[in-house]
Structure formats: C-alpha cells, structure tokens
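Notes follow the structure.
Residue numbering begins at 1 within each chain, and the chains themselves are lettered A, B, C and D in the order written.
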Amino acid sequence: MKIEGKKQIWSSYQKEIANDNYYYARSCIRQNFFPGAENMFIKILREQLNKNIFDDERQTTCTGIGYHSSIVLPETTMTVIARQFSLMNEAGYDNFICSCVTSFGLYTEVIETWTHFPETLEKTKEYLYKSTGRTFQIPQNLVHASDIIYKFRYELLHKLKYKLIHHKTGKPLNVVEHIGCHYAKIFPHKGVGGAEYPHVLAGLIEAWGGNMVDYPERRHCCGFGFRQYLIKANRGYSYSHSLKKFESMQPYEVDLIITNCPGCNYFLDRWQYVAAIEEKKLFGAENKAIPVLTFEELAALLLGYDPWKIGLQMHQIPVEPLLDKIGITYNKKEKYFGTKPPQIPEILNYC
Amino acid sequence: MKSFQYLKKIDRTIDYDNNDRALFYYLMRVEPTVALCIACGACTATCSAGNFSTLDLHKIMLSIRRGEKVYIAKEITQCVLCGKCQLVCPKNVNTRGVILQIMSFLQSSQL
Amino acid sequence: MKTDVVVIGGGIAGLEASTALHNLGHHVILIEKKDILGGHVALWDKLFPNNKNASSIIHYLKDHLPQNLTILLSTEITNISKRNNSFFIETNFHQTIETKSVLVATGYDVFNAHLKEEYGYGIYDNVITSAELEEMFKNNKPILTKQGKEPSRIGFVHCVGSRDRKINNLYCSKVCCVTAVKQAIEIRQKLPFSETYCFYMDLRMYGLNFEELYNESQEKYGVTFIRGRLSEASETIDGKIIIKVEDTLLGRPLKMTMDMLVLMVGMVPSAGTSFLINKLDLLSNNGHFIASSDEHLLANYTNVNGVFVAGTASSPKSIDDTFADARSAVLAIHQYLTSQKM
Amino acid sequence: MKFDWFVLPFSIGLIFLVVYLIIQYYLWLNKLSASQLKSFYRIFFSKKIFLVIGEIFSEALLHIRIFKTNILLGFMHSSFALGWFLLIVTGAIETQLFASKPINHLYEPIFFKYFNTHVPTDKLHKIFTFLMDLWLLYVLSGIFLAIVKRFYSRILGIKKTTKLFWTDQVALYSLWLIFPLRLLAESSSTAIFHHGSFLTNTLGSYLEQHIHLSKASYALWWAYSVDLFIFFVILPFSRYMHIPTEIVLIALRRAGLKTEKKINSISQFEIHSCSSCGICIDNCQLQIVSNRNNMIPAYLFQKERHKKVLKRDLYDCLMCGRCETSCPVRINILNIKLARRNEKLTKRKDAFHYLQQLPIETKNTEVAYFAGCMSHLTPSIIRSMLKIFEKFQISYEFIDKDGTVCCGRPLMLAGKYDDAQKLIEKNIQIILASNANILITSCPICYKVFNDEYRLPITVMHHSQWLAQLFHNRKIDIKKSTTKISAVYHDPCDLGRGSHIFDEPRMLLQQFVNLSETSPYKKENSLCCGGSLGNFYANENDRVKIARHAYYQLVHEESCLITSCPLCKKTFQKVAEKPVFDIAEIVNQYML
C-alpha cells in the first residue's frame, strides 16, 4: 500500500465543513440502539469544542428507511425534508448536521434533485406550504456528524486522555473503519476522501494514534439494505454480507471497528454475535470478537468519559478487551447500573 | 441458523482461488482444443439436449476453466453426445472429445 | 529562421513525415521536446503481432533521416501564432521560426491510471500499467512483485481509460487488446509457471494476424480470457490484489487473487496536442484528439489552413496506421506547398 | 527304439502347447452360457460340420479371402498354413508307410530323415520323398515372400506391415527358422544316406563338398528341434495363437455365436484369432492421414492379448467398419470395440431426467418423419423431404420438428449403452404416438439404431429407400428438359456397410443423374467422410484430411458428389469443389 497515492486521492475529495452554529438532525434508530452516541456528540461539541449546536425536539424522521424500502414516495420525502430545513431556518441556523448516514445521503440526494430539476423544488415548496404553511431555505452547509469530528480531530487530539495505542506494548491498535454506503457512494464528492478510499474515519484513526486497516472487503456493504432487514426471512442476506467482511478482516487481527452509520454499527455488532453463536467463529485479535463503536463513542471514550455512561454496554460484542488494551479503567459491576445483566453466550463470555 | 429463523445465503461468487481446476489441466493435456473456446454460444444454440434441458456447453467450457466442478458434473449428464456442437463450433473445439473426457474424469474422481 | 514546414513531434509519424517531405524538396524543421527521437515506440520492446523488435523501426527511421535535416531536440514550443499565411513558432530557446505550414505529430500520452482510482494504481504495490510492463521487458528487468517474488498469477485489465463514460473517454484506443495478448504471452514465456488472465469487455482483434495471436495465446500459452469489467481491486495483507469481476458469460460474480495486476492504459491526447489545440484554435473530437476536416477524404487536414495532423494526435492508431497516416500527411502538405508556390 | 535326445525339446514344446490350448479353450468355453454351449456342441453333430471343415480348409489353410485381396499375399499365407499342413500330413503317412513299426512316436515324422536311413526304392516311397521336398519348397517360398514383405510390403499389396510385439517377434523368427533348419538338417542327412529327393539331395551334395557333415548334421537336427520348441512355447503368447484359435472360431461362428454387446469368451476367441496380418492397416483412413496406429485392429488386438488397451486406443476410431469388412478372419471388430467402450463409462442414474417432461402428442398419419439431429444443420434435406411429402400428398408427422430427442446411437458409440436406452424409450413413445405405418429418417445414423435397437412394429426406412420405393411405384416423374448432371454416389458408413443399403439409392439416382460407378471405393469398400461420431480424438485437421482424401478418391473432374447422410454432406462440403447433394435434394430438384 502506497500512502502517498491515497493522500493524493484524499486531497481531491475535500469538502467545506462549517465551523460553528449547527442544527443537529438526529437518527431514528441510533437514538434507540446507541443513545449514548448522539448525546456524546452534542456533549463533545459543547463541552470540548465550545460550539453552538441546536438539538431540536420538533424534528421528525427523514423517511429514509421508508424511502429506501419503496414505501414512501419521493415527493413525501422531499416535503418532510423541506420541513426539517424550515425548522432549521426558524431556529436561525444555516449549517445542517445529520447524525445518520442514510439521512445525509438522502438530504444530499434531495438537494441535488432540486438543483438539477428546479420544478421539483417548486412542487416541494408548494406541498410544504399547503400542508404546514411553512416556507424554507436550503442550508448553506450540509454535513454528516462524522465530518465535524474529522474537522476537529486535531483539536480533540490535544484533549484526549487516551490514544489508540496499546498501553502496555505501545503499539498502535488495528482499527477497521466502516463508512455507511450512503455517505459517499452516491455522491463521492460529498464525502471526505471520496468513495474508494474514504478518509473521514481513517483520518480520526490516524490522528488518534491507531493503525488504519485497509482490508480487501473494506468497501463492501454491511448488508443492512433496509428491505433485506425489514423482512425476517431475508436477514440471512444481510448476515452473509457482513460475514464476508469479517472473514476478509480476520487476518489483520483487528482490535476495533468504528463506523459512522447507524445500520452498519448495529449489524457489524449484531452479526458477529450471530456468527459466534451459530458458527462458533470469532474474527478479532486474540481470537475474540471485535468491539464495534461509533465514532462519537470512540471520541468520548478517548476523551475520558466513563464507558458505561457513554452507553458501551448497549453493544452485543463486549468492549472490555478494548478498554483493557487502551488502558481505561472501568467498574465491572456498574456495567448494567445494578440491573440484571443480560445472558451472554459462553463463547462471548470472556470478560 | 435455527435459533435465528433465517438462513445464511449461499455465495454465488466464483471463488477462483479455492476452486479445483484439475479438470482443466487434465483436459489441456488430453484435449487441448478445450482452450480455444470463446464462449460464442453456437454450441448451446444448436444443442439437441439443450432444447429440452438446461445443458449449456459454453457455460460448461467456462466452468472447466473456473474449476466449477459441481456445476459441470450436474449438467454434463444431460448431454446426448450427438455432436452437433462440433459441427457448428467456429474454433474447431473437439467438443465430443472434451465431453467424453469430462465424463471419464468425473467418473474417476467420483463426482 | 524561415522554413516551408515545421514538424512538431519526433515520434515515428514525425520522423517518417520529415524524411519524406525533405526528400520531396521542402525545407523541414523537426521539433522534439525530448532529447531523443522515436517517441513512444522507442520505449517499447517487442511489437505485436509478429514479435518484431520495436527498436528496429526506430533504427530504420533514423538511418533514413536526411543528413541536412534540421532537428531541434529538447525544444518546447512556448507560443505559436498565425499571421497572414505564415506561422510563427517561439521555442524555449527563444528562437522564432517562421513557417508556411505546420504538421502536428504530437502523438498521445498514456492514460493516467490514477483516475480509475478503484483499480488502486499508485496505491496498491502490485498494480502497474502496461507501459510500465513494456518498460520492464525493454530493459530486461526481472518481472517481480514489490515483495520481490516471481508473480504466479498476473491479470491484465483491458480498456483502462478507454470506452469509459465515467472518465469521459468514449473512444477505443485500438491497440490495447492485442497488446494485452502480446504481453500475456511474453509473461508466460518469461515465467513459464505463471498463470495469466485477461479481463475484457470485447476483444477487438481487428488486424492481420491478431486473431491468430489470440488463438495461440489460448491454445499454446493457456492465457485465460474472462469477459467482465473489473469493478474493484483491493489489497490483501500480503500485498496481493483481490479483484472482483463478473464473469458475464457465466452470469456470476468472480473473485480472484492476483500477484500482479497490469492495467492496459489507453491513449489520451498528449499535453502537446492539447496545447496546440488551444493555441491554434483547432477543432477537436469531443475535447480529445484533433479533428480532421473530413475523416474519410481529408484525414490530415485541420480547420486551420496550413496546419496538418499526422499520427495519434488525431486518433488512436497502431504503428502501421501511423505510418500510413504520416505518408498521407506528406502528400497533403506537398500539395499545399506546391499550390502556394504557384 | 528310434530315439535321440534331440527329440526332447520338440516333444516337450508340443506337449506344452497342446496342454496349454486345452486348458485355455476349456476355460473360455466354460464361461459361455448353457444355451451358447449347446448350440456350439450341436454343430458337431449336424450337417454344418461339413461347412465348418470346408471353411477351415478354405480360410485357415488356403486363405482364399486373402487371395482375393492380393494373390501374392494369399500365396504367402497359404504356403505357411497349407504347406506346413501338407508337410505334417504327408510326413505322417510317409512314416506310417515306410517306418518299421506300425505305431510311431509323435516325433518320428518330424525327424523322419534322421531316423529312417533307407534309400527309397519303390515308386510310392519315391513319390512321397518327392512330395515332402515339394511341400518344403512351397513353405520356403512363403518364407521368402514373408521376408520380402517385411522390407518391401508393397510388392504384396500392403502399404504398411504390422509392427510386432516382442513375443510376436520371437515367434516370427523361430517360425522363419524352422523350415530352413529342416531343409539343412534333412539335406545334411541326405548327403550321408542319399534318401532324399530333388531338393534335399541337391543341397545335400552341394553341402558335402564344402562342410564336414557328420557333426554338422547332428547339430542341425538339434537346432531344428530347439527351434520348434521355442515356437511352440511362445505360440500361445504371440499372434500365432490365431492358428489353433481360428479353427474354434470358425465352428463358433457357424454355430451362430459372435460378440454382441459385451465382451465374453467368444470375444476372446475372436481377439486371439487375429493374425495381425495387417490388411486392416491399409484400410484405416485415420491411419492414412494421421499415421496413428493404436486404434487399428491389428494393434488393438495385440494390446488386448497383452491387456494393455488404453482409452485412446478405443475411442480414437472412426467406427466406419472398413477394417471389419476387410478382415479375412471376419472378426466382429466394431462390436468388440463398442463393448470395450461400454466397459469404460458407467451408467448415470440422473441422466436425461428432462425427457419425462416432454409431451407426447398422439397423431394419425401415414408417415412419421424423423429428420435427426444432423439434418437440422442441413435444412435443405428436410425442406426437400417435406416438399416431396407435400407433392405426393402424403400425410406425415414431422416428429422432431422442434428439436430432436437424439436417437441414442451417439451415446452408444461413446460406450453409454444404458444411458441411450432412456432416449430410445422416449423416442419409441413419440414414434408410436404418431400412429404411422412407416418411419422415415434422413439420417443413416438414426436408421441403423432404429433397426438394431428399437424393435419397432412399423417399417423403418431411410429416405433413400422410401424415395426408391416411391419411384418404383411409378409415382415420380422426371423433368424431361433438363440435362442430367454427372455424379458419384457416396455410401454413408451406417447406411452402406452398417445397414447394407447399396442398391436402392443407386437405382434411384440412375434415373436422375449420370451416375459414375468407376471408383473402387463404393458399396462395401466405401470410404468414411471423416465426420464420424465414433471418434472422440480426431481433431478438425484429421477430419478435413480424411474428407479431402475420400473426396478425391471418389470424385473426378466434372462429377458432383451425392450422398444420403446429412453428416457426410456437411463434412464433404468443407472440402468439395462442387456442390454436395443429398439424394432427397436431387429428387426434389429434378422431379416434375
């Protein structure tokens, strides 16, 4: 692997990321799966970086799940998104942050559609006005939450309590990053580093001392695929996709996977759990499963927040081996805040 | 996947690295015209058995090179060896010879 | 300096045309930006389809160069303009040449394979271009991977930078298909225990004996041709390349590990060609090569009177085509100059 | 007692041979089924025994069939067989008549000149002595020809002579030596006792002048006996096993027994009856164009005898049957090859499951027309036949219009006899559902298998037969105005040699064209076009060479080629200078 070649590509895929005053659009499923992630994002921005970020309780879904499962019409989606923008305008913001990669892809897609087909913009304005009496302006800057962390990765570096380094051996940890498909595969120039060699999370890993693992199936989809997951009988399809990725990353002895997408994070975590039970396979370093964290959780962890307050117990793959490697001290007993711990299958019960 | 109530999907990908291409190397030795196939499909179009079945000689020819033995073993039984393919082949592949060799190879390798 | 004709580009088209124009009695100045003559052909080892040495062509051309022909090596044109019926060419040596006519023989550049970033050129250790492989052959370098091993499996990816809307190159570069066949055979000759694979969309074996070479590659050298466009390549932990294609003839995806991947890079207009298109307001084909006034009847004429074109500056061509084109350009210029004299 | 130690090698050799043969033949015959054995034994008590004896005389001794191939070759073979036979018989009688004891030892006639030292006095004895010399000369002339044949086989009408296995070579040289040694031994004794005739006496007196005879003579008798020993011992392991085996084979054949679908002991008798005479070599077209030998019966049976047959030896054969037709021993070569192929491939249970799904439509027609796979690649044949049907208002059902269920013969040729049965069953259903009285096919390959394997209750005809019948019934009129083209007819292997249809196509064609019949390669002796479905190894190059060779053997100057097989037509078309027609096309084109 020639790093100069990648740098050349990264340099041609840079985007404008606003510096302050953000309107934050949350993700539907992340709030449920890993509620700590979004909270930590807001916290990091406010506490560590002193940024102004507005968390709006009036916002709705972007319809992405319904849109990609072909049960919501594009016109509906556009109108819903227009309402979000209207809320942003009303709150007095111009910079829109999406927490969800699919939302980010969909917002981008809708804005591109409005640009290339102005009649759809007019229609949307009409629909929004008729249904809510609102008007809206397209945000000046639309980014994904991971872009913000990428932008401030060096600022955060100075505040980190820990680094992605094995605290005993001093060796960098092997970290896999997984970028949600809708982040850059639809519009490569809207993602940091493009679609082939995305840099948005790789940049975090490098800056924070880790060793970014570029494995053969790096670009492969996690298998979420919306409609594949919504129907139970199709879930094997999702599972087989993730399995392909795990098998491909196995030789690299990976310590951690980080993602920027709600679905990916959930499934890379979930499918390792299924593979461990069904096929007795573990894919990470030291023959353990690989902890899967969101980029916000990682940032918060390295900044020194308490792992259980970040919500790391919400992952099915145990994170303790990672904490041990980084050298983070944690209280085993407090993991479930005194509630009854879930049953952990024997193969994963190594901590 | 009993406990999760769904099945792992079978990968359609031709896993070239792990396929066994012994049949191809055997044929290259005993019937080198096998290498000349360009998968034009003339054989399949004229195939007597292919009229009524899934037999597709150009796919078999490609599968030989890819090492897809299971597919070949399944499909080759449908051939009636009539030889029309040989008459229409623009590259003069000795198709009947190839098929006979496949049959005897598979027979000896118990597939 | 004053002259009848300036030939820009010292490749095979420029050399052939300069010699012929000189022999017809015209005063010729040949300008070449590099310090050697021969262009791309001088960099090649063996030629398709008959395995002839490329150097023999350059030797022939050099041997037949007229002794009193003015050749300006290492000379780059900084400006060119037309006034009345003459062209004024300024060079990096601050010369100004006044000429009655110009023959553009600026040729092509090989496609910048970085642009097909999914193939990992410049990123993965063992992805090289066909031009680089040819250079290895030419310099008799051992064929080794970056890890210093003899590659046991080598893939050739056809149509890199050709016939690709994604990079806005719609045209076929004509020579890459048969070059891949030639290079695959050479690899098999040099590394008898290796396997070679060609990944193609169509195989365009248009020339005399090309099909024969293709047959030989299959029957004698066991080169495997897989119809499918490479969609992505990735690097394994030990520096090999995993490629993903669809075997379109079987209708199934295919995954394969390669020790070395050779990208059959096509032709794009050379920097010099683009420069002249701008400076002389020449028409071009979809922003690429110089457009002929009429591709059938006036192949060597351009929209600017007195500017002629020969060789790959106007479209991808093989060596044979280039020679034919250069000779026909000579006649066109000869006609132009004689009619001006009268 | 007349005895000398040198008789021992001969006697031991002979006893070994006889015991060996008895055991071997017993083992083989023992494996026959009861009914086969019964019909074999019955022949000895029927009039057929005279036919057997007659054939043994004409073929095992005289070799009349080889005489027909080439007179010198026939003479060579007969001189060995008949000459030696006469020597033995005459010698036995001579010993019986002129020896002192009424019952002789086995070896006495062989070494008569050594033990009997009386000078023949009476006329009868002189005649016998003369005859013995004459027969010896007869055999010696054969040996002379045999040696010539090894070096200049063309003189005996054979282009290539058989290359021998080492046991064959030992046997051959010991056989060649027997008679010169006998001559020398007898001559040397004659020189001492003067009891010989024109040959031995003359040579004897010549030898007397040059060599010290008394010691040499004894050594020569030893050499003679030892040589006989060598020959007898090596005989069962060499091609000369054919000498005794052919006699049994003739009886077996007269009893109606031959190799059919499987290799059995009759096949063993057939295989061991091959004398490797090499007549088949010249008749093999594949050999002519490719110089490959392994599939030729002379060599194949050599390998069979030593159990060294490879897949290639069996499958690299056109199965045209020219070797079988030319074989003087009448071995069922094709059946043996097919049966051996059948042993190579096993039956597949899952083969041709798709046949079940094919619908069978019941029809009510006069004629069922089965074009065959190959005819679909020569649509002009099908079109001609359909036009003829329509013109004569024959209600027909084109049963393989939308694709043919193969007749099964190609599979049988591959050695998949059992798999072919599935196709046959399906086709029988389809054919019978048409309710036709006649099944007409355009393909000789199908025709042969319809006849041999289908056992259909309706008439099966090749279209050439049917057209001939149609013409015979005066239904077809010929266009008067057109001038007749000149043409040569090519007999397809499966229609001619395979099914013995020679005359109908000729009879028919004579009405339509000027048929040239000058080529020797017609009827039984017809050449293969090279398209053969029997061969699995011949590449296109071989096939084109065969076709070209065959085409120019048949066609001269202005004639065009007419055949009655789609495969022959397609194969010849590749090399033909003038158009190649099918007989149906000719009829369609020139009928009124």
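The working rule: a residue touches a chain if its C-beta (ideal position, glycine included) is under 8 Å from a C-beta of that chain, and two chains touch if they have at least 3 such contacts.
Fair warning: this is a prediction, and the values are worked out from it, not measured in the lab.
In this view the innermost chain, defined by its CA centroid being closest to the centroid of all protein CA atoms, is B. Centre-to-centre separation of subunit A and subunit D, using mean CA positions: 84 Å. Centroids built from CA atoms put subunit C at 39 Å from subunit B.
With centres set at the average Cα position, the gap from subunit C to subunit D is 66 Å. Chain pairs recorded as touching, per the definition above, are A-B, A-C, B-C, B-D. Only residues 12-17, 28, 32-33, 35-36, 38-39, 58-59, 62-63, 65-66, 68, 91 of subunit B touch subunit C when the two sit together in their complex.
Against subunit B, in their complex, subunit D makes its touches with residues 311, 315, 344-346, 348, 350-352, 354-355, 357-358, 373-374, 376-377, 402-406, 408, 410-411, 413-414, 416, 423, 531, 533, 536-540, 567, 570. If you check the complex, the residues on subunit B that touch subunit A are 1, 3-9, 11. Here subunit A touches subunit B in the complex through residues 232-237, 239-240, 243-244, 274, 277-278, going by the rule given at the top. Those residues of subunit A whose C-beta lies close enough to touch subunit C in the complex are 1-2, 4-6, 8-9, 194, 196-197, 214-219, 251-252.
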